[in-house]
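If you scroll down you'll find the structure; I have some questions about it.
Chain lettering (A, B, C and D) follows the sequence in which the chains are written, and residue indices restart at 1 in each chain.
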Amino acid sequence: MSENVLEIKHLKTQFFTRKGVLPAVDDVSIEIPAGKIVGIVGESGCGKSMTAMSVMGLLRHPGRVVSGEILLCGRDITHLKPRELAKLRGKEMSMIFQEPMTSLNPVTTVGKQVEETILLHESCSREEAKKRVIQIFNEVGIPEAEKRFDSYPHQLSGGLRQRVMIAMAMVCRPKLLIADEPTTALDVTIEAQILELFKRLRDETGTSIILITHNMGVVAEVCDYVYVMYTGQVMEQAETFELFANTCHPYTKGLLRSIPKLSEKVDRLYTIRGVVPNLLHLPEGCNFCTRCDECQKRCLKEQPELYEVKEGHKVRCFLCEKGGA
Amino acid sequence: MKKKLAMTLAVSMLAASVLSACGGQSAQNGTTASGDAAQQSGASAGTGTEIPASSEGHEGYLNVCLSADIMTADVQKTSNDYEVPMNIYDTLVQIKVAEDGSSSIEPMLAESWEVSEDGLTYTFHLRDDVTFQNGNAFTAEDVKYTFNRMFTEDGTVNSSFLDQIAGAAELMDGTAEELSGLEVVDDYTVKITLKEPFGAFLSALAFTACSIYDEEATEAAGDDFGMVPEVTVGSGPFIFESWTPNAELVLTRNEDYWNGPAQIPGVVIRIIPDTETQTMMYESGELDLLDLKTNPEAVDRITEAYPDQIVSGPILGVDYVFMNQAVEPLNDVRVRKAIQMSIDRQMILDELYGGRGKVENGLMANGLIGYNENLPAIEYDPEGAKALLAEAGYPDGFTIELGADSSDSEMRTMITEIIQSMLAEVGINVEITKYDQSTWLETRRAGEMPMYVSSWTADFNDPDNFFYTFFGTEENSKIRSINLTDKAVMAEVARARTIVDEEERLALYRDLEVQLMQDEACMVPLWSLDHLFAVSQRTKGFQVSWNGFSDSAFYPVYFEE
Amino acid sequence: MKAYENPSLESEKISGGQAVYIDQQSPFYPEDNSADIGESDTILDKILLLVRQNKLAVFSALVILIIILLAVFAPVVAPYDPAAQSLRDRLAAPSAEHWFGTDKLGRDIFSRTLYGARVSLAIGLLPTLISMVIGTVLGLFAGYYGGKTDFVIMRLADIMLAFPSLLLAMVVMYTLGGGIVNIFIALSLVNWASTARVVRAQTLSLKEAEYVEAARSMGVKKTTIIFRHILPNCLPSLIVLFTLNIPSAILSESSLSFLGVGAQPPSSSWGLAVTEGRRYLFSEPWVPLVPSAAIMILVMAFNFLGDGLRDVLDPYLKEQ
Amino acid sequence: MLKKILKRVLISIPVLIGVVLLIFIMLRIVPGNPVVTLLGEHVNQQTIDKLSAEMGLDQPIVVQFFKYIWNALHGDFGTSYRMNRSVTQMIMDAFPYTVKLSLLAALISWTIGVVAGVIAAIRQNKLLDRLFMGTALLGVSMPIFMAALLLQYVFAYKLELFPISGYEGFAALILPAIALGWNSAGSIARMTRSNLVEVMQDDFIRTARAKGRTESGVIIFHGLKNALLPVVTMMAIQLSSMLSGAVLTESVFGIPGIGRLAVNAIEDRDMPLLQGTVLFTTVLIIIGNLVADILYSVLDPRIREVK
């Protein structure tokens, strides 16, 4: 495997609320190789966004990284001062968010907002910055880039706004781009275009991308490698093809089954039964045991670890304890 | 671009405000040098930042203040605002107060005068060396013009001071063209005939309301007379220089004054509505004169701090509790007497006014011509009052309304509250009703106010000014809500003013006083007060006006640096 | 609160606009909210939250409660008759006998302040309540019916809001004359417009809510929809607004009294006590300072409580 | 844009008419004849009737109303009863003082308010927050005349830093402006604080952080700009409360402005003057609202385009 842009080692992020300590991210280790797209999948509240936030250093009170390491290009950034971390954000690593509608400052032109990123991290003149903004607008496929420079967010469609967000994130050529549900709010055709854009950007710039999504279809389409998260833990991780071909964890299976397939005729769409448990009141054993179709007695009492079933394919399930499924 | 425009607008607005403010500041700097006024008085800790009240060009002026702006300087059209007229106009005669407090009528524009035997004809010999401030010479024609104007001009309110002159009524209702009782004998002689003898006529003439105007200037000014300083011309020691409404009035010395120019270059009268502010300004040297009557609560402090700078004079006026004889049970003389006996006037005077004044037992004020020192005292006797009430059929007291004017001074308000609580002691439940001023006046004028507290200060120094005002006619007694039932006394009051013989007249007034105030207990006389002013260290020669008015003449004032 | 009278914002968002329907899932701590507090929060829950969260607001509520109790039990607590004069003891300094000294007529300031609390509380609560009822009803109708009703009511509100409130109250007092009852009337008449605006804006957004649509399609009477379905959802904002309007009513009373068109002696409102006492600021400072401190404490308490309530009841302003 | 402004102006017209009508009616139902007060003690009924007729008080109210409107449209607001001057002239004389005072007060309150609000928002529930909000709230919670009196007492009388009273020059305006501005600063600070706290929860703030702004940069360049937008409209409301407050401050400090005129008018039962001052201030406020509205829509691109 080539050099890793990002390595997350045993990351624990917790929220210290009045009601108790929420283990939002629980012992997560993730590796992002250079020039790859890595997907993190899971239902809402599974900790995937919190993992991203931890990496970016954007956790807000009462959330805090408790332990673990985050290595960006080999450098531990977990203990950087806020100011130093800010220097990395937007330059070395950047992030785009789920809500393109609200993620842009409504009272500033989009051009200025993208330009701001450049001016923050590089010393260059305004004209030069503007030129680069228009250039990146073109790169991310914003038509009439020069005209759009002076547009306000509300004047743009959702897809265009997300492209602006991508432009903003990519304009300083970061090594790592975290895209948190970037297409969830968009309609399907736009989604496809955006995903295509990610692939293109990755190919052209070599930027590694973390794609956070709950949509297995998206994963299948663009990701090289996938982490499946549930209640703050990685449940299964594998190369995309391997994961789809050789799904091990009951949770992943459930996720895959809930994708409607045109080829099969079903009366009712499959859903994983039950709801995500409250993080404050997690089951004693496997976190998924309350919803698992294949739950055994042991699952109720003991926490499974990540078992390697194949090289690069790990599963947190007793069923895979002995490897293979 | 529109955004830019709006921003520019907003910024320029702010800038303009700052600039105008700075402009003001530089103007200020121009005048700080003139701060001599501020260096005066007791404020020794002055750090030099006090800025004298007067603005540019008014260095060395006397700084005084009024609580409210004047309405007009045309004295024929105001019954309140006498300060400016007292200083810019002259009257035919004037009242002077001697050291012993007795007052006398002295010459002013009239050098001398004769009164006929029957008391009907007054012949005035006028000064021939008087010029108005516009340079016009003062002649008898001006007197004629002025007095005629009082009856013919729209909006005059002071005709009652002159309506004893023969032909006044005809002139007022339009049946005559001229005041028949006023005859110009020659340029410097005026003969005035009254419709009936009026012992107080000279005193009335001495009142500021009867100031003499220049015919030419006044006619030329028209409606602007009294409103626009430049055209408001008199013959007085000061010239009405400027008037910034609600801010200040400036009077400048008349260099050609017939009696010699005043010793101060002028007067700046500032309008300071807040009396607390007035006191602070006096203490910090921004004012040369502080009227302690408008700020009674500061009296003790100021008199203690500046004992040598207090000028005091009696107020020729009395505070009364009025009782309406048309209202039950005030129609019963026993009830009225009981009320008289229930109010501890001495205590109120001592506690509220530090005893600076005199409890009065009659109608007339201490210092008034004919004042009776020896009236029997009305004793404070709540037990006796209760007995009287029981006798009158009110052993458990009764409830009565006391109407108060919401614009009353705080002192007056306190007094009504104290009276309320004192009357409660004898079982009389006083309900204080607040009226706004016009309703209060209207109710009172309609004769329907059951009880109220008010005061009367002499306009001219004669008992007539008290007796006739309250009891002279049925109308007069009604508009004060007294509704005197004893018509015989009323007739006597009306007769008194026509008696020519001074001794006889004053004797009658003394009798009437006993009848009205003691026997019939028409009202509760409370007290007459001293009027205290505090002057700055440099200010000398200031005299309280003879009747104790707040408005003052500044001609005698001089500075001692 | 005045701050939300913003006319251009009213269609955009108004404090508490979609009170209950806002997505509670803040991206920063989704787990916390969705899992536990959730959408089923009642006002009571939120107030409990406030109790735990904002000590200052709780303290303020306590202060208000104490003042209310003192006012109610003034006859028991007050050592003297508030109207009893004792001229000989006038302007006495605070002492064991007279805790806060005596005023210009020798009345016990402590007792007067206790009784004055009745007046000031009444002035804070009653006119505010009346004006808010007026404003709420008008706002509901304007928002729900729209069209001409809306236009007329809102122009009326515009007219009221165009006046500087103190001047308008002065004019009303000029017309009616001084006195406590007239202050009630004046303040009730003056302050309804801002409530009407807020309620109207909320009604506009609530009108479109599914469950209201549903009720409408089932033929529920309009007044029922307005008062059963829309009004309860305006309540959180109304509570906040109410708490924050009280101080301005109390201060208005003192201003009116200062200008001589407010409460009239011998009544014992705090505003009047300050006004009457200000002459003694130099010499007997306790006379004006005690009632002004009382006003300040009460007003501040309501402000803090209102701010606290807003933080928990108003999702827009939810703090960390 | 122009259309929008025009529409706003047109909407103001019925409001204005309503204001005139309301004031007019309220002042006419006052009991008592103002002429009685005006003329004072020495006057008889004849004179009272004569003057009442002269002032047109004997005419039906409808006639009086339309006469008033007609004259007002020609810039004539009648003649003050007490001062016997043109009300228009009196207002014009007094206006500059009030404008200077209000602008300075506004400057003070906006500066203090915004700074305190921002500091309080950043240092939420820390000592500085408490300190600034406490000071700001003190201004809101104190009767404005009490603030004026205390400032006057301490800074003018005791410390002699400023003139006690006066209207000429900058120095004389500072204390009244602080007294006036302090009161509004509190509301502005509270609004700034809560707006900022609210805005700081917005998604685009997260974006700004993600692009590498430090926390202070995020607040200044993204938070404030959005948080202060609604505060702009607050300016109009401030204008209203400033003018209300001016009534009190001008009385204490002896500034001959509009507020003084209003107080005098009430004390003297001077109906034309009261009518004139209230109308004038109200028109000012309507204009202020209009300007704030337009300014707001200019500053906020979202509203700029929406019709």
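Observations on the model:
Here, contacts are C-beta pairs under 8 Å (C-beta built on N, C-alpha and C of every residue); 3 or more make two chains touch, one makes a residue touch a chain.
Please read all numbers here as calculations on a predicted model, not as lab measurements.
The chain occupying the central position, as judged from C-alpha centroids, is D.
Using the mean of the Cα atoms as each chain's centre, the chain most removed from subunit A is B. Computed centre separation for the pair subunit C/subunit D is 21 angstrom, with centres defined by C-alpha atoms. Look at where the CA atoms of subunit A average out and do the same for subunit B: the two points lie 88 Å apart.
Centres computed as Cα averages put subunit B at a distance of 37 Å from subunit D.
Distance from the subunit B centre to the subunit C centre is 46 Å, each centre being the mean of its Cα atoms. With touch defined as above, residues shared between interfaces to two or more other chains in subunit D number as follows: 30, 149, 153, 203, 206, 251, 263, 267, 269, 299-300, 302. In subunit A, the residues that reach two or more other chains under the touch definition are 97. Touching two or more other chains at once are residues 276, 407, 436, 439 of subunit B. Remark: subunit B residues 275-276, 279, 295, 297-298, 300-301, 347-348, 351-352, 406-407, 410, 413-414, 417-418, 420-421, 432, 434-436, 439 touch subunit C in the complex.
The touching residues of subunit D, counted against subunit C in their complex, run 11, 14-16, 18-19, 22-23, 26-27, 29-30, 124, 137-138, 140-146, 149, 153, 187, 190-191, 194, 197-198, 201, 203, 206, 230, 233-234, 237, 240-241, 243-245, 247-248, 251, 262-263, 266-267, 269, 274, 277-278, 281-282, 285-286, 289, 293, 296-297, 300, 302-303.
Contact residues on subunit C toward subunit B in their complex (touch as defined above): 83-85, 87-88, 90, 104-105, 174, 177-179, 260-261, 264-266, 276, 278-283. Residues 202-204, 206-215, 217, 221-222, 225-226, 229, 299-302, 305 of subunit D are the ones touching subunit A in the complex. By the touch criterion given at the top, residues 1, 30-34, 36-37, 39-43, 47, 50-51, 54, 82-85, 90, 93-94, 99-100, 103-104, 107, 149, 152-153, 156-157, 160-173, 251-254, 256, 260-261, 263-264, 267, 269, 294-295, 298-299 of subunit D touch subunit B in their complex.
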